[in-house]
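The same chain A turns up in both complexes below, where it pairs with chain B and then with chain C.
Entry: the complex of A and B
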């Protein structure tokens, strides 16, 4: 189960990159600032929240709901890993 | 007058696109809201969407940090507006329906409570004929999404009184809004300019001059429009847009404002924009 792509950083980053690139119609390097580059509108930002919650079975609440966590593929990956990690720790 | 505005709740009539986003705005600013609609299903959808909109507002830093959100009461009873400090009408853009509901609302609320209409373009003076105290009626044209767009157009009708204007402006300040006050006219400023532009954009697409995407990309890239007119149309809701255009055509006598055939065809098909998942663009699943 260590191989489940939904739980490795690489797998998560790949899945998020695929989703974002498809929606913005452009290649998206993991470090690119999506807000600064104008690729992500405020409405799409919320779609990212909903998408991450559904795709990775996490809940993004409270202080985690801030733009910085969604600024780049790398930032989103870190968020999902952290939220997933917390779930696994209690479930293991 | 209105001494308890700081603590009091507001009432919003209509739990559609605008009623929801105005409610999310108020709740996010710590104001309690009584939200009234004629459909239970609509109210249920509205609750879920407002929850997401408040998260969206938080995500975008639109609400003051650390403020306790207001509480939401969603109800079918118009009587529930009786205790509100401010009442906002955001029901369907239909002049005779609004006239009827305005009469009911103004019977329910006591003197001294400002009544705000969020109409896109029916003159405040026309709606004032249906209320008991025309001096207490003003127009506030919130834009969608109301919790993110910082500015509102405020419409002072010919009969709107100084007290009501002062109360409305201080309420809007509490909601963190910047305001521009204009005089009363069909479509005021923003709908008079935006709605015909969207109508023309749709005609351009129908005539085959350019695709939906090309029209929006040009208006964005060359003229700095934030999203392009057709994406904006989808955000507004094409049914509402068609209603507002028709009312504008009637009230200005300018028949080019009549909603164009492509717009009407989309409305007939039920492709109403973001709210149904498809309009000029396809949104896949509806965001809620």
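Entry: the complex of A and C
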């Protein structure tokens, strides 16, 4: 169960990198600031929220929707891991 | 019978002995009565779309409509030899209209029966009733706005835009830039009030409070120097989108309260909500005030919350909150932002008023 790629940091990072790279048409290093580099617009950020929720079966609510959580592949991976962990902790 | 008096959004016309007098393929020559020409332009000005379902040679019939000077009034014409019920259904599907909002006029009882049999929700009229059509309640919308008068042009621009997007290869921001979007944000005038009201009724999905403002509510606020009622319109190289956004702002010393932000669902894919917020944040930064946005979660406005949060609004406490009167409705959250100057969007050109001073 723990080896499901959707629940490991590496698997999540790879899936997010693939999605973002395809949409912006460029390679995206995990630490690259997507907003500062202009790769991600506000509109695409909204798409990212919806995509992460669907791809990883998480709900991103309230303060978790802040821009910093979507700033880089690494930040998004951490967010998904944290929300996934919270889901498992409640015994889902 | 409520269904029977709801407004018709699209009227589908037969051609031979309905729109024009004569049978094109037999008589060669056909005549468009002045009264029918007037009816077509009248329905168009009321915002009722019109289309064609005719059994005819397509090229010949369309050429004749052009020669008669009325071709531009018809969207998505279906001219061919298939059943008319198929034509009517395709037109409704492509417009995204429920069949109960579509009407069909034909002089042939058999054609009306065929449409009625397969599509019982479609309202069918004998061509003999054309003289009374404009006076019927289902063809008489209560409010006719600037945008309803241009509705057909907006749909036609929409079709051209859609096919351009289908052909476009590459990142969607590049596609947005290729549209040459121009957004205008201005203070609402008396004339625009009906247009604004229509917007608050139609945009439940992107309405940040779920509160509906009637035109008399808004008229009262226009006269109030503390309030800004702002209307946003959008155009691109294909034509107008019409009024797509409404902001209602109450200015206090040190803090501006955004009481309503509504945008049309049609322009969500252009990022119009985020652009509006970005502009407002920039205005507040230059005026040196904090921003507090009212938000009431509904089942359909999640994208609006995401737009607020991504723009930097939070639940954080701030002294400025104390200076605001209680929200008009219960369960309204107030999201707070300390504004910083915000660069204009890369995907569209803005033409705006300044909110400072006043």
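Things worth noting here:
Basically, the second predicted complex is superposed on the first by the 91 of 92 C-alpha atoms of A that agree within 3 Å, B and C clash if a C-alpha of one lies under 4 Å from a C-alpha of the other, contacts with A are read in each partner's own complex, and residues count from 1 in each chain.
Definition applied: a contact is a pair of C-beta atoms (placed from the backbone, for glycine too) under 8 Å apart; a residue touches a chain by one contact, two chains touch by 3 or more.
Quick caveat: nothing in here was measured; it's all calculated off a predicted structure.
After superposition onto chain A, the modelled positions of chain B and chain C overlap sterically. In the superposed three-chain model, the partner touching more residues of chain A is C, compared with the other of chain B and chain C. In the superposition on chain A, A:45 makes contact with both chain B and chain C. When both complexes are overlaid on chain A, the residue A:55 reaches neither chain B nor chain C. In the superposition on chain A, A:78 makes contact with neither chain B nor chain C.
In the overlay built on the shared chain, the residue A:67 is in contact with chain B and with chain C.
Touch criterion met: A:24 reaches chain C, while chain B stays clear of it.
For the contact definition in use here, the residues of chain A common to its chain B contact set and its chain C contact set are 41-43, 45-46, 49, 65-67, 70. Considering their complex, residues 23-25, 38, 41-46, 49, 62-63, 65-67, 70 of chain A touch chain C. Within the complex formed with chain A, the residues of chain C that make contact are 170-173, 176, 269-271, 274-275, 278, 303, 305-307, 309-312, 314-315, 345-347. Note for the complex: chain B touches chain A at residues 52, 55-56, 58-61, 145, 148, 227, 235, 287.
Interface residues of chain A facing chain B in the complex, by the touch rule stated above, are 41-43, 45-47, 49-50, 65-67, 70.
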